[in-house]
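Input: a single structure, listed below in C-alpha cells.
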Amino acid sequence: MTENTRTSLIEKVLAWSTFLTVFVALYLALVYAPTEKTMGDVQRIFYFHVASAWVGMMAFLVVFVASIAYLLTRQANWDIYAYTSAEIGVFFTTIVLITGPIWAKPIWNTWWTWDPRLTTTLILWFLYLAYGKIRLAIGEEEKKARLAAVFGILAFAVVPVDFFAIRWWRTMHPGALVTSNGIALAPDMMLAFFASLFAFTLLYCYLMMRSVRIERIKAEIRLLKEGMFN
Amino acid sequence: MSFIRKVRSLLWKEIRSELQGKEMLSTMIVFSLLVVVVFGFAIDLNKDLMGGVLPGIIWITMTFAGILCLNRSFTAEQQNDCLYGLMLCPLDRSAIYVAKTIMNLLLMVIVEGVTIPLFFIIFNYPGPQQVGLFVIVLLLGTYCFMAVGTFLAALSSATKTGEILMPILLIPLIIPVLLSAVIVTKGSFGLVVSGADLYLKILVVYGVVFTVLPMLLFDYLLEV
Amino acid sequence: MSFIRKVRSLLWKEIRSELQGKEMLSTMIVFSLLVVVVFGFAIDLNKDLMGGVLPGIIWITMTFAGILCLNRSFTAEQQNDCLYGLMLCPLDRSAIYVAKTIMNLLLMVIVEGVTIPLFFIIFNYPGPQQVGLFVIVLLLGTYCFMAVGTFLAALSSATKTGEILMPILLIPLIIPVLLSAVIVTKGSFGLVVSGADLYLKILVVYGVVFTVLPMLLFDYLLEV
Amino acid sequence: MIITRGLIKTIGSKKILKGVDLEIAPGEFVTCFGPNGAGKSTTLKILAMLSKPSGGQVLIDGQDIRENGSTLRRKIGMISHNSFLYDNLTARENLEFYGRMYEVPDLKRRIARLLDEVGLSFATGEPVHSFSRGMQQRLSIARALVHNPPILLMDEPYTGLDEMAKGVLNAILSQLAQSKHTVFLITHDFDQGLEQSDQALILVGGRIAYTCNPRRVKREEFRRHYLELIGGVK
Amino acid sequence: MIITRGLIKTIGSKKILKGVDLEIAPGEFVTCFGPNGAGKSTTLKILAMLSKPSGGQVLIDGQDIRENGSTLRRKIGMISHNSFLYDNLTARENLEFYGRMYEVPDLKRRIARLLDEVGLSFATGEPVHSFSRGMQQRLSIARALVHNPPILLMDEPYTGLDEMAKGVLNAILSQLAQSKHTVFLITHDFDQGLEQSDQALILVGGRIAYTCNPRRVKREEFRRHYLELIGGVK
C-alpha cells in the first residue's frame, strides 16, 4: 500500500463539496433563476453551456502549462497532469458541443452553422482528441510524454482564437458577457451563473485529483511488474 | 554562418533526392489539377455564386496537395534510418526543420503558380479584383500551412501510425488559418466581407506563432 | 476451396496488422470528419443550394478518405519486403487483390456509416428522399472506387514514386464513376436530374468492368 | 534438382548476370561465394521466381519456371537479406500466416516446434518490430522452413546470428542435407560455407568462375583461388 | 574516453538494459559480444546519443552526453544495422552530404580517398538503391569515417562484406587503433572480434557478464566462457 491507493482527506473534502455545490448550482440554474423573456426555459442551458466552455478552455490552459513544465523539468508528474487535463477538457468541450446545438435549434432554427466560434470550438475538440492519438501511437514512455507535450504546446495556439472569436468580430453566436463595461446579466441570473461556474470548476479539480491518483497507481503497477519479471 | 551553410546543404540534399528521383513536383501539379476537375463537375454552380465558393475550393485543393507533399517529406528520411544519420551529425536540429520547410514551400508555391491561374480559367471566373491582396494571402496562408505542417510531419514520422496520423494533427491546427485565408481571399475577390483586415492580421499572427513555436520546440521533437 | 481459405487468411492478416497495430479505422473517421469541417466553413451556402452541392461534397470527401486508405494498403507489404514473401507463396495472386479490396471496402463502409449521417446533421440537410437509392449508389460507388483503387495501389506500390503516383493514376480513372455517383445521389435527394437511371446503369457497368479487369490483370501486375 | 542455362539479367544498360549455368542435383548442398556485387543475390532471386531473367532458362525438378511457377513455389523456401516478416504481427502470427499460405497441416504444433528450435519460444507473443536483428533473422529462418520445403535458397542466413544460433542453423542444415533436401547457400564465410557443402561455386562479375567439390579441395587452396579470381577482376 | 554508470533502458514494461557499467580508455579497442537480444545494439545507440537511457549516466571525454550532446557528436562515427544512406542519392552525393554536415575540410579529396579505400570507386555515380548489400555496407563504412571521428561505434560492421572487404575493414581498424582512435565494436565473430581488441565484453540479458583482456585469454577459453554464460541464461 502506498499513499496513492488511499483517498486523501483533501480529495474526500473535495468530492463532497463538489457534490454539494453541483446540487446547489442545479437548483439555482433550474429553479431559482428567472425565466428569460424571449428565449424561455431553453436559456437555462446557458449556465451549463458557458461554465463548461470556460472550464474546458481552462483545462487546455493547464495542458499548455503542464506541457511546458514537462519539457523543462522532465518530471513524469507534469506529463500526468497534462494528459488528465486534456481528457477532462475534452469531456467539458463535449458538453459545450452538446448543449450548444440543443440551444441553437430553437433559437437559430438550426443545429449548426459555420460561425467562427462554433467552428473553433469543434476543432478544439478534435485537436485534443488528436493529442490523445499521439499518445496511443507511441510505445516508449519518455518519447510519448515528450511528443505529446510538444503538441500540447502547439495546440494551444487555437484556444485564444476560440476565446476571442466573439470578442474580435461579430458572429451569430452571442457576444461576450464579461466586457470592460461590466457584466451583462440580471443579478439573479448572475448568481446562478457564478454558482454553476464554481461548481464546474470544483468538478474539474476533483476529476483532476482522482485521475492523477489513478494514473500514479498505474505507473506504480508498471514498476511492480517490472520488478516481478526481472 | 554554419547554420545557414547547413540549411543549404540539407536543401541541396532534399532537392537532389526528392525532385530528381521522384518527380514530386509534376505529380503534385497533376494531382491538384485533377482535384480541380473533380470539383469542377461535382460542384457546378452558376457564375454568380462561384465567387463565394471559389476561395474555399482553392484552399481545400491546396490543403490536400499540401498534405500529399508533407506526407512525402519525411519518407526519404525513414528509408535506411537516415533520420538517425542526421541526428548523429553535430547540427542544430532546427536546421532540418528550416530546410524541409523551405523545400515544401518551394514545391507548393510552384504548384500554386501553375494551378491557380487554371482555376480561374476552368471555373470561368474573371480573377481577383485585388491581385496584390490575393497574392499576399496566398503566400501567407501557404507559409502558415507549411510552417506548422512540416513540424507535424516530423512529429508524426516519429510515431508508428505515421502518415495517417499527420492529417488529423494538422487539419485542426490549420483550420483557423484556412478560415481566415478563405475570408481574406473572398475579400480580395471584391466580395464584401466584414472584418477582412482583421482576418489578415490573424494570419500574420499565426505566421509568427507558427514560426516561433516550431523553432523553439523542434529540438525537443528530435531529441533522441 | 483453397482460394477462399487463402483470401480469409490474408484478410485475417490485414485486420490483425492494420486495425490493431495502427488504429487505421478511427483515424480515418476523424479524418473524414475533419474534411467535412473544412468544407463546412470553406463553402458555406444557404440551405436551398445545399442539396445541389452536398452530393459533390460527400463524394469528394470519400475520395480523399479512400485515397488515404489506399495509400496505407500496401505499406505493410513494403516493410521488410513482405510482398516478396507473399509472392513466394503458392497462391493465386488475385487472392491478394481480393483480400485487400475487401479490407479497403470494409474500412470505407464503416467510415461512411459514421460520417454520412453526420454530414446531414452538420450541413443541416433533411436527408435523402429515396434512402434505398442513396444507399445503393453509395455502396456501388464505393465498390467501384475500391475495386480499381486497390489495383492501382498495388501497381504504384511497385514503383519508386509509390503513393504520390497512385492518386494521379486513380483520379482520372475514377472520374466517370464519381460523376455518375454524384448525379445519382442528386437524384436520390429528390432533385430532378434527367437520366439518373442511365447513370446508375453506368455505375453498374463500371462495377462489372472494374471487377473483371483487375482479376484478369492482377497476375500480370505481380508477375515478378 | 535445379538447372539453369545461360541465365542473363540486365537492368537498364547494366549486365548483372552474363550467362550463369548451374546444375544442382536433388539433395545436393551447394554453396555460392563471390565478391560484393557479383550477382549472387540476383541469381537467388531468379531461382526463387521473385525476379525474371532477361534471358536463359531455369528448370526446377525438370519443369520450366516460366510455365509451372505456381506449382513449383510450394517446393521452395527462401531466406533473403530482408526478413519478409510483418512488423506489426507477433512472431507466432507471422508463422501462422505463412503456414496458412502454404496450407501446412497441423500448423500449431509445427510452429511451436520451429519457434522452439530457433530459440524464440520466449518471445512468441511479441511484435516483430520489437525484435533485435538476430531475433528477426532467427524468425526468418523459421518462416522459410514452415512448409518444410524440399528446396532451400538462402542468402547469407548467418547474418546477425549469435554463436548459439549459428550452431542451431548448422544443425538444421545438416539435418536437411541428410533428409535429401536441396540447399543453395550464399555466404561470405568460408568456414560455415564449405563445411557441409557438396559443391562450391564462385561467382564473379555475373559469371561462374570456379566450381569444385569442397571435400576434395583444401580450405586454404579454395581461399587462394578465390582471392586470385577477385584480384583478376578489380 | 567513454564511461557509463548504471545504464538502464526500459521500453514499456520491458527492461532491456539493467545497469551497464562501461569504461573505455582513450585509444582503446573494445569488442562486445553477446547473444541475440542481449542489448548490444541498444547500448551502442545510447552511446551514439540516438536513444535516451531511462537511467544512468554516460560520460564521453569527461562530459555528460545530456549536457554536451551537440559538441560530442562531432567526435563520434557510427556504423549500424541500417546504412543511414539516402537511396536516391549516389554514393558520392551521400558522402558529400554527410561531409558537409560535419564541415569536413577538403571534402572532395577525402571522399575520393575513402571511396577508393572501400573499393567503390567504380560505382561513385550510381544511386545507392542499385547497390548490393555488401556495397551498401562498404559505403556505410566510408560514411562513418568521413569526418575522421576519434570515436568509432560499430554494430556488426562485417555484415555482408566479402573476404576482400573484410580485409579492408580490418586494415582500417588496425590503422585507427594505431592512431589512437577509440573503437567500440559489436560482433558475433570471435576471430574478427578478438584479434585486435584490448578489452572484450560479454553482454547477457542487459548486463555485462564478463570482461577480459583478450591478449591474455585464449580464444577457446573465451568461447567456453561465452557458451557457459549463455547456457546459464536460457
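Residue numbering begins at 1 within each chain, and the chains themselves are lettered A, B, C, D and E in the order written.
As a convention for this text, contacts are C-beta pairs under 8 Å (C-beta built on N, C-alpha and C of every residue); 3 or more make two chains touch, one makes a residue touch a chain.
Everything quoted here is computed from the prediction, not taken from an experiment.
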Note to self: Considering only chains that satisfy the touch condition with chain A, which of them also satisfy it with chain C?
What the structure shows: B
Checklist line | Higher-contact pair (C-beta pairs counted), A-E versus C-D | finding: C-D
Next item on the list: Starting from the Cα centroid of chain C, hunt down the chain whose centroid lies farthest away.
Entry: E
Item checked: Chain whose Cα centroid lies at the greatest distance from that of chain D -> A
Note to self: On a C-alpha centroid basis, what's the spacing between chain C and chain E, in Å?
What the structure shows: 47
Check: What is the distance in Å between the mean C-alpha positions of chain A and chain B?
Finding: 31
Margin query: Using Cα averages as centroids, what's the distance between chain B and chain E in whole Å?
Written below: 40
Next item on the list: Identify all positions of chain A at which a residue touches two or more other chains, and write them in rising order.
Entry: 116, 119, 123, 126, 130, 133, 137, 139
Next item on the list: Find every residue in chain C that makes contact with two or more other chains and list them.
Entry: 21-23, 27, 30, 34, 37, 41, 160
Next item on the list: Name the residues of chain D that each touch 2 or more other chains.
Entry: none
Note to self: Under the stated touch criterion, can you name all the chain pairs that qualify?
What the structure shows: A-B, A-C, A-E, B-C, B-E, C-D, D-E
Notebook entry, point to check: Along chain B, where are the residues that touch chain C in the complex?
Noted result: 21-24, 27-28, 30-31, 34-35, 37-39, 41-43, 45, 49, 52-53, 55-57, 59-60, 63-64, 68, 71-72, 160-161, 163-165, 167-168, 171-172, 175, 178-179, 182
Note to self: Which residues of chain A touch chain E once you look at their complex with the stated criterion?
What the structure shows: 139-142, 222, 225-226, 229-230
Check: Where on chain A is chain C touching in the complex?
Finding: 110-114, 116, 119, 122-123, 126, 129-130, 133, 136-137
Notebook entry, point to check: Can you name the residues of chain D that touch chain E in the complex?
Noted result: 11, 14, 34-38, 41, 81, 119, 122-123, 130-135, 137-138, 156, 159-166, 188, 190, 223, 226-227, 230, 234
Notebook entry, point to check: Can you name the residues of chain D that touch chain C in the complex?
Noted result: 48-52, 70-71, 73-74, 76, 78, 80, 82-89, 93, 97-98, 100-103, 127, 143
